[in-house]
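Alright, structures below, take your time with them.
Two complexes follow with subunit A in common, the first pairing it with subunit B and the second with subunit C.
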Partner chain A sequence: MEAKGAGSYLPPSDYPAKRLVVDVERKMQRRTIQNLSLGGFSTPLVFIITILIFWAFSPGHRFLDPRNVAAIAKLTPDLGVVALGIGVLMICGEFDLSIASVLPTCSFIFTQLLMAGVSPFVAFVLLLPIGAVFGLINGLLVVRTGLPSFIITLSTMLFWRGIVYVASGLMPISILPYIPTGSPFAQMLTGQIGPVPVQLLWFLGIALVLGVVLHFGRLGNWIYATGSNQDAARAMGVDVRLVKIVCYMIVGSLCAFAAMMQATRLGSFAATQGIGFELKAIAAVVVGGTSLRGGVGSMVGIALGVFIIQILENGLILLRVPVFGVNTFIGLAVILFVIINNLTNRQLAGQGF
Partner chain B sequence: MSSQKMHRRDFLAVTAAAAAGGLLAPMIASDVLAAPAGQKPAEGMYFRLVTHGGDDPFWAVVKQGMMDAAELYGCKAEIDLAGSDLANQQKKFQEAVASKPNGIALVINDDQAWDKPVEDALAAGIPVIGINNDDKEGAAGNKRLCYIGQNERRAGYIIGRTLFEAGKAKGIDLTKAHVAMAAEVPAAMYAQVRSAGVKDAMAEFGITSFEMIDGGGIEMTTNEQRITAYLLAHPETTFMLGAGGICTDRLTSALKNAGKAPGEVIAGGFDTAPGTVEGLKSDYVLATIDQQQYLQGYFAVIVLYLYNKLRLTPNIDTGGYLVTKENIEFIEPLSGKYR
Partner chain C sequence: MSATSSANGQELLKMVGIHKYFGRVHALRGVNFSVNRGEVVGLCGDNGAGKSTLIKVASGYHMADAGQIFFEGREVKLRSPKDARALGIETVYQEQALCPHLSIARNIFMGREPTTVLGLLDQSRMNEESMEALASMGLKLRSPHALVSALSGGQRQGVAIARAIHFRAKLVILDEPTIALSVKEVREVLDFVRHLKDQGVAAVFITHTLHHVFSVADRIVVLAHGCNLVDIRTKDTTVDELSDIIARGTLGDAAPTHKPESEAAAAALAQQATCEEDTEAEQEI
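Now for the complex of A and B:
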């Protein structure tokens, strides 16, 4: 099946190389636009319905109480920023479970730099490439071994978790002496502009940049091509390995960013930062209409998926569902959303959209 | 740094003086305890602490207590960590027995598995005491000589009572009060037993409404999200507790997210994580319980020494120390090494 698909991309031997590239790019452009409109249609609908349901049924319409909206806007980006990267990576056809350990490891390194007297701004600039190195390691392991990324990054997750536990002794470290509440650095990552938490603006800004890269750039085309059919992409001259490594490095950098943003808000490093994010991020990305098999998904969908996952938890508690049962409902809802997503996508595709 | 060192030294001195004054003073005259000139009292003795613990700050503090007591008394002591692996811990216990020490302090984290090993060790003439965790039935369930550790139920009772007393002093009608307790892992033993202690205190104050909140695991933001949503959904919440260190750390932020003023919801919990310390200072958190696990390592050595010399078998409750705004300045610099 795959070989056939690959074959169809193979040009006749006398086909001019330049022509091939243009052809292929056009083909990919079409696919990208298709993805954009499909993924970008059902998820917003689900998002709006979710909000309406929680607004209507929460006692006193508490769901849209400004305090609740502010809390969601402030807390969601901790997971959300990382999930945006995971979305890109999953479109590329790979997973990264190690985020749950790379995040606290980055937070620990950040804290150590602060304790060594490094200015938080300098530490911030240093941490982003350090995060990318964690991604580079994952990426190299995945493309070099050819093993499933699920297994590779499960291993690196365990590896880095062990390292950060031993290095930190599991002890939380206060960073308030280095980044006092209200200091310029704290304002930059966790402050407010009017009523809007800065975290939300960072999240939206990063989503915008990744969206442009994904949907309007050459790299985006390569990512979709790699995710939908590696062999075909390779045949088209896409450096599949490089594309994957770049995606892993994006995830790593975003882990570093989220780690600093979260630590600054918490006022401390905690070895348990990010635990559980690995699966929550996948759930969010899938709810956002991304295919687990790669090649399908959109940035709008991913960003909304993140909010849907977080709003579910919040909204269910606001409905006064016994908190012990919340997980059950989240599980049910995720399945439901994925089914709805699949159905709408299929229907739209069937109608020739 | 120097003031921190001062505190540590003070603390050591205080503990040593308390131990010497409380336990030894009446017998200091007895020649049984008299060490030869120039020697420390327990010289030549060797003790083992066999724990289920891992390489984490809690056990680092227990170890510190053990080493300080061993240094003070001139004996040798070693701690075994088993990373919560019962089979591994049992192997460590057998190794400890085989090394023929003058005594073993054991974390009894299983009600059946330790019955026979402890009996066998005692029969072989090696004294075994319990630390940190005891058989559910205490002395009736396991032959260990005595037990040193935090009584979790009593600790829960103490934090509950402290918060409820504050509520009563504010003139709140406690019969209508609602108590919420967030737990990282609600099914875990610590959460169950501590909440039972809180319920003991509730009964005493005539409070009937209680709900346990699943904090969603040990991730910080997840806990904060859930506690925030709960506070917004349940404005009737009068008392908000954290069952463990992570939930308690997030209480302050969650209360702020929910638009509560300091003290509007009377809050408290366990441990002294950075967020909890900030909460105590800013009056969002009224009190938190410190386990004082240093004493578990420290007293293990001293009690085993006293058993060898005098066959004393005291049961010691090390926990239930209340940290409040008044004493936080003293406690904070000790965190990580002694607390």
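Now for the complex of A and C:
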């Protein structure tokens, strides 16, 4: 069905009015093709269906109760902000498991800076490049050793986990004395604008920026190329090593950001922050239509994937699934989504072009 | 070096005494190679003869361990594919030429994307110019948005070559462009090479299949065991003679039995002699 639209290449025209029509037509073609090609087609559908199911089956339709929606909007960005970075990294063909440990490590450093008397705003500005350094270490190890990133970041995950456990003695540290509830810093990261939690705005804002970079920027073009065919990308003059390192640094920075956002929301550092994020982030990104082999994925899909995972968890609990059994259903759902994604993509590929 | 003129200033690329080691393997043993402006040169030889290594040196992928490279008469150092591309040397690799998940336009502009004032990709320009570039190759594809994974092998070669000439390459190196293609696709690719020549772009055509290269090349260079074996105009030789030499890997007895081509064969023999000298010299060091 799309093949027809894609087929009519229209030469430029001299008449301004006609030209406008041609431009609009071309833009629409481009959009359709991109949506199809980037695998972001079935994800919105799954997103809506998930919401409808939970709305229909949660007792008293409690799922769409404003308080529940607000809770989802506040909780999702913790994982979500990191998952956006993981999505970009996976499009470029790499993994990062170490986020589960980099996040609490960043949170610990943040707490230590606050305790040393540093203003939270200054600590915030310092933490973002510190997070990037964690990413830089991962990135350098991956491109220098040539080992699978799964192994490298599994190792760095264990490494930083040990460090943060020993350094903190596993004790939570309250940061309320430095960032009281309702203080400007707390407002900036975890406040509310009208009924909308600021966390959600941060999440959407970061998704928007990364989306523009990914889909409309040169770096984004290189990220897709690196994930699609690394050798070709290199032969065409893309510095694939640099691209990978930059992606790892983006993930690291976003970890630092999520760490501070979560610590501020909890009012404390906890050594257990970020545990399980590494696999949940991958699940969210894959549900969002991203290929594990790289080269395929979209920012809209990734953002929706994050919501789908969070909504599943929340919705299942509302459906009175025992809390400790939720993962079983999430596991089933991930497999189901990926199968649906693959089927629809294959069908579209068969019809198009 | 080459049988064709180097005196008339038409020499585009000239490589002299190129050596390349991979660990203990001496892959290139003082190879000489040249391409004139607008000339199509076939580069042949058995597996492991050093063809790929030689063109990877010419395209900046590998650095030579010894030897000189001249481009348009000036000595150059090729440290990366970027250096080679800046000079106007583009390489099209068969297996790894394009990114399958990306559109034709994005592939053609990969690494050299035009941007708008906002620093974003100038997509309308990319689309328009890629269609023009494809048309100049005689390639009619439906849309610049089509994914490369949807194209046939021959079309992919066309896109890769269009990419090269769009950026005003002076020399296009084609690494096994006809391998694993159907007969019809091979014919397409050979047509692309003729289009290149019509536009005054020089080409190096690496192949195992002499029949393919014979229909488009002006001159054929044969390597064996990292040395020059033959350098001859296509019109001065035959497919049978060359395939015989390639199979044998040496001129040896071939020269006397092929009297008509003795002049060319003698030149090639002289070249082999220089190569052997070089290796001896190398051993002394």
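Methods note: the second predicted complex is superposed on the first by the 312 of 353 C-alpha atoms of A that agree within 3 Å, B and C clash if a C-alpha of one lies under 4 Å from a C-alpha of the other, contacts with A are read in each partner's own complex, and residues count from 1 in each chain.
The rule we apply is simple: contacts are C-beta pairs under 8 Å (C-beta built on N, C-alpha and C of every residue); 3 or more make two chains touch, one makes a residue touch a chain.
Computed from a predicted structure; not experimentally measured.
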**Asked** Which holds for A:V212: it touches subunit B only (first), subunit C only (second), both, or neither?
**Response** second
**Request:** Based on the superposed arrangement, let me know which partner A:G191 touches: subunit B (first), subunit C (second), both, or neither?
**Result:** neither
**Message:** Just to be sure I read the superposition right, which of the two partners does A:V323 touch: subunit B = first, subunit C = second, or both, or neither?
**Reply:** first
**Message:** Tell me the contact category for A:Y165 with respect to subunit B and subunit C: first, second, both or neither.
**Reply:** first
**Asked** Which partner, once the models are overlaid, touches more of subunit A's residues, subunit C or subunit B?
**Response** B
**Request:** Using the superposition on chain A described above, determine whether A:G237 touches subunit B (first), subunit C (second), both, or neither.
**Result:** second
**Prompt:** Which holds for A:Y224: it touches subunit B only (first), subunit C only (second), both, or neither?
**Reply:** second
**Prompt:** Touch check for A:G135: first (subunit B), second (subunit C), both, or neither?
**Reply:** neither
**Prompt:** Between subunit B (first) and subunit C (second), which, if any, makes contact with A:S58: first, second, both or neither?
**Reply:** first
**Message:** Can you tell me which positions in subunit B touch subunit A when the two form their complex?
**Reply:** 55-57, 60, 186, 211-214, 216-222, 224-226, 228-230, 232-234, 246, 249, 253, 257-259, 273-275, 277-278, 336
**Prompt:** Which part of subunit A faces subunit C closely enough to touch in the complex?
**Reply:** 6-9, 12, 23, 26, 29-30, 33-34, 37, 212, 216-218, 221-222, 224-225, 227-229, 231-238, 295-296, 349, 352-353
**Asked** For subunit A, which residues are in contact with subunit B within the complex?
**Response** 58-59, 62, 65, 67-68, 70-71, 74-75, 78-79, 165-166, 169-174, 176, 262, 265-268, 270, 272-277, 310, 313-314, 317-320, 322-324, 326-327
**Message:** Residue numbers of subunit C touching subunit A in their complex, please.
**Reply:** 61, 81-82, 85, 91, 93, 95-103, 106-107, 109-113, 115, 119-121, 123-124, 127-128, 131, 142-147, 150, 163
